[in-house]
Amino acid sequence: MIFQRLVTVVGREEVAEGIFALSLESAEVANSARPGQFINVRFSETALPLLRRPFSISRVDGSSIELLFNVIGQGTRLLASKRIGDRVDVLGPLGIPFGHQGGFDTAVIVAGGLGIAPFPFLTGLLKREKKRIATFVGAKTARQLVTRRLDDVQVATDDGSEGFRGTVVELLERNLSSNPVMRPKMFGCGPTPMLKALSAFAQEAGIECELSLEGDMACGVGLCQGCPVERANGRRKYALVCVEGPTFNCKEIVLR
Amino acid sequence: MIFQRLVTVVGREEVAEGIFALSLESAEVANSARPGQFINVRFSETALPLLRRPFSISRVDGSSIELLFNVIGQGTRLLASKRIGDRVDVLGPLGIPFGHQGGFDTAVIVAGGLGIAPFPFLTGLLKREKKRIATFVGAKTARQLVTRRLDDVQVATDDGSEGFRGTVVELLERNLSSNPVMRPKMFGCGPTPMLKALSAFAQEAGIECELSLEGDMACGVGLCQGCPVERANGRRKYALVCVEGPTFNCKEIVLR
Amino acid sequence: MIKESFSIRGVEFKNRVLVASGTFGYGDEVKDLVDVSKLGGICTKSLSWKPRDGNPPRRIVETPSGMLNSIGLANIGVHNFIDEKLPYLRQVDTKVIVNIAASSLQEYCDVLRLLEEQEGIDGYEINVSCPNVKEGGLNFGTDCSMTRRISEQLRALTEKPLIIKLTPNVTHISEFARAVEEAGADAVSVINTVIGMAVDIHKKKPKLSTVTGGLSGPAIKPIALAKVYEVAQAVKIPILGIGGIMTAEDAIEFLLVGATAVQVGTANFINPGTGVDVAEGLRRFAEQHQLADVAQLVGAMESNVEFSILQSWL
Amino acid sequence: MIKESFSIRGVEFKNRVLVASGTFGYGDEVKDLVDVSKLGGICTKSLSWKPRDGNPPRRIVETPSGMLNSIGLANIGVHNFIDEKLPYLRQVDTKVIVNIAASSLQEYCDVLRLLEEQEGIDGYEINVSCPNVKEGGLNFGTDCSMTRRISEQLRALTEKPLIIKLTPNVTHISEFARAVEEAGADAVSVINTVIGMAVDIHKKKPKLSTVTGGLSGPAIKPIALAKVYEVAQAVKIPILGIGGIMTAEDAIEFLLVGATAVQVGTANFINPGTGVDVAEGLRRFAEQHQLADVAQLVGAMESNVEFSILQSWL
């Protein structure tokens, strides 16, 4: 069930430089949301910005959902200016959630930048299912690092200002080679180059891996055909990120 | 001298239903402004609304200027949402001020609706010059009536909810015929039908009359040719409201 | 009771608001969110003979008050449509207009012929903004004689409503409308998207994979209104007005300049229920203005200006 | 030092940002607000032989991220221009391009001939979006052979830079650009405004006194970019890119698709200093990207897509 609701901002916090957490009150969305799903948000009544903007559901807390986002362009700038009590128009929950059940013991979470967004929600669920969790987070610099509500976190920064100096996938490779984990499954989210590296690593190492993609969307519900990702095989060349994703088994898709 | 400045909102008040007074801090504009002039205001950094919006300078108080406006469309809705400390981009003072000096003893001010906007400023100046003042204000209904900072006010409302029931020009005609004033000059501002009626009355009665026009403007400074008003005579058919007005001797122009 | 319906070639649409092709999928994507029975009709995504993958990403770019798309007519093909989508569409309580796209005259005819054998289709809308493969990819829709030929040939194949959807990317759209009317089409849809582009200045590349794409949304509403107005001066057949409609007020502008009905496109991406809201708003406006029939708005704009002034002294 | 200048027919403009005709008056209106010596050039309001009153109000309507205008080429006429405005323009430290509009071929020639006798004019821009009175008001600019003839005849009359300003309201703007290039013009300005309209639904009247008008501003930027790109594939002469430029980033988009320089129009109404800001921003961008010459941006967009895809499968 997809809901379209005008919801109230009930919490707002700047959690790192230019990165905000926003809580929205909506029992309906909160109750039906699953980790890996997203909502498509409209925050202006005018034609600027015209389209909704997609954001992962970062956490569910009672009857509210939390978004975690950074200010990129006009849309997120406007979203960051919202105050408690303001209203935004939410469409969701949307998309296919992470496959969090089944044959794995350790969840290896790999996030680059705001790719952490979906993982607090996933972490909560995994903990309830008593999975082991190892989390790897990459950021440009310590100032833009967010690790809140994640478990057992190891950090990489591009400039070495915190943790490992290098990419998060490099950090991951080093770690897994020195401390192999039991029956792992990887969950990745972040910029495309990182996801490509992660996918290559996962396929080489033979580890199951789900990726959550971010890309340009207009509708978020399968109406516009605006969000293709190349499929690795099958009759159809593209899948739609909004309705067939945003989570994909890394073997199903080709990133460019 | 025209200034283009980012100025701070230092006061804000809802003075009647949907009618706001906004004070803007700008010593430069305040010092050089004259009654009847206007400023052209930009209050969004986006392309919505795209163009500036013109507002009369309603009052000067030390180093700040006051606007008086009602919420009509998207621009004024946004302006009404400004808070103390917010900034707006102001271009002004613009236009030709009222001719407040010379051969008259009594200033007869006639305002319809938000046509009162320029008159607090004019009233202050006239008082300093020891002119007598009689003010006539019309509004749709008592709830939308604003008479603050005007002198010797008589009121007309369309629905009779306050003062005379009828138009402000009807009220004026009755009054002037029963209480003729010495060496009058009229100053009018308001919707076009009201200004037409006032102009006809003034010319019939042989009373000097200046009108302040409101119309669509893009630039406010003579660049776009977007604000014509028909001239009563002369070689050129139109005058530009922004640079040749907004104040005109009623005999110079033809209202349609 | 206010009359809201209108007819094309005997098919009655319950109100004057349809959803535009390519902006409402095949009608089943948002059935949880939107009560489609409150729409005048649904125009399906354009269908071609074979399924089309569409263009590589990036396909969507937001622009000031508008968006560019370069979907490349990704669609499931007419056979899959008949198998997978038509059964659902047969039971919706609104009119179903199947939109057809093709890269040859033959393909248009083949698709329509196959659809003619099916139940549950109320009419056709023909997307002529397609590359004519025989002519090196030249757009059918910018070639008046091709547009006429497509209309004539398809007219010969069906007794159902035949609506030709015109592109705005031509000098005189009224010439195309006249040709289509003479060819026997029942109505024209005006307008498809306007050619536009956007550049990523950091990558020094076009934002869309195909360089240019189609501009839609509120930004193009003034252009669409002028095109509908131009067409309304030229033909007698009904016009379906399209372009940037977000509200009932927007729709009324289109009716006033001469559109018989409207289609809501891009707005569906923001609020899939826009069409229903617009239809409801139209009814309310008619109520407030005590109109017996929404038709009283059609072409009701007063204007005492010569049409010849249209393109002059800008 | 970054090279910012460029030349057309030997006339050197100090940078690549001009202000567009009709959006900066005759250059003297805002001299207190803007240091015009920081502009590449000023294109004057279009001038005709006799003064023109222009259209009745309402002449301006705001639309989503754009505006419609129907000024009707109100101008003081070439004689008053020479007497009242040229003396000021002679002493400004920027290039002065006089824009000419006319309702007959003869009038274009007469105005240009008279201007040729004056000092202080650096070049001409020809507005062909004007009604050809002999042809019942048909627009010169939508008639390719007329556009060519105007260019040829004016070319014969002057050795100064001759720039033809093209209208976007045609199917293939590149045909017009090619005709103009063959006729010997030195450059093209792309684009003038896009035809549009808006309706007052309460009065049931067009908002503009002339029904339709010209759409400008950010809303048309995607359209303008596509037109400049199309022209850049077709001709070798410089292109002045125009349409919705508000920032240096916008200007860079135009350079990347092939414009040699740009003109700022509507943005002047919001901030008369936009042109100066854009020029400054261009310089800063070149600095940051360590370019020796802003020219390195011109046509520097990578794209491996066939032009033929332009109008296809929208």
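Read from first to last, the chains carry the letters A, B, C and D; within each, the first residue is number 1.
Here is the rule we go by: a residue touches a chain if its C-beta (ideal position, glycine included) is under 8 Å from a C-beta of that chain, and two chains touch if they have at least 3 such contacts.
Note that the coordinates shown come from a computational prediction; the quantities given were computed from them, not determined experimentally.
Q: Taking CA centroids for every chain, report which one is farthest away from subunit B.
A: A
Q: Distance from the CA centroid of subunit C to that of subunit D, rounded to the nearest Å?
A: The separation of the two C-alpha centroids amounts to 33 Å.
Q: Could you grab the centroid distance between subunit B and subunit C? Build each centroid from C-alpha atoms only and quote it in angstrom.
A: 46
Q: Could you put a whole-Å number on the gap between the CA centroids of subunit B and subunit D?
A: A distance of 36 Å separates the two centres.
Q: What parts of subunit B, by residue number, touch at least two of the other chains?
A: 47-48
Q: Where in subunit D do residues touch at least two different other chains?
A: Answer for subunit D, listing residues that touch two or more other chains: 64-66, 69, 71, 217-219.
Q: If each chain is a dot and touching chains are joined, what shape do you get: line, ring, star, complete or other?
A: complete
Q: Please output the residues of subunit C touching subunit D within their complex, sorted ascending.
A: Per the touch definition, subunit C meets subunit D at residues 55, 63-66, 68-73, 101, 129-131, 136-139, 142, 167, 169-172, 192-199, 201, 204-206, 209-215, 217-223, 225-226, 229, 244, 249, 252-253, 256-257, 300-303, 305, 307-314.
Q: Flag every residue of subunit A that touches subunit C in the complex, lowest number first.
A: 1-2, 4, 42, 47-52, 89, 215-219, 221-230, 236-238, 243
Q: Sort out for me which residues of subunit B touch subunit A in the complex.
A: 46-48, 74
Q: With touch defined as at the start, can you tell me which subunit D residues reach subunit B in the complex?
A: Result: residues 22-25, 29-30, 32-33, 45, 51, 53-54, 56-62, 64-67, 69, 71, 74, 217-219, 246, 266, 268-273 of subunit D touch subunit B.
Q: Under the stated contact criterion, what part of subunit D meets subunit A in this complex?
A: 64-65
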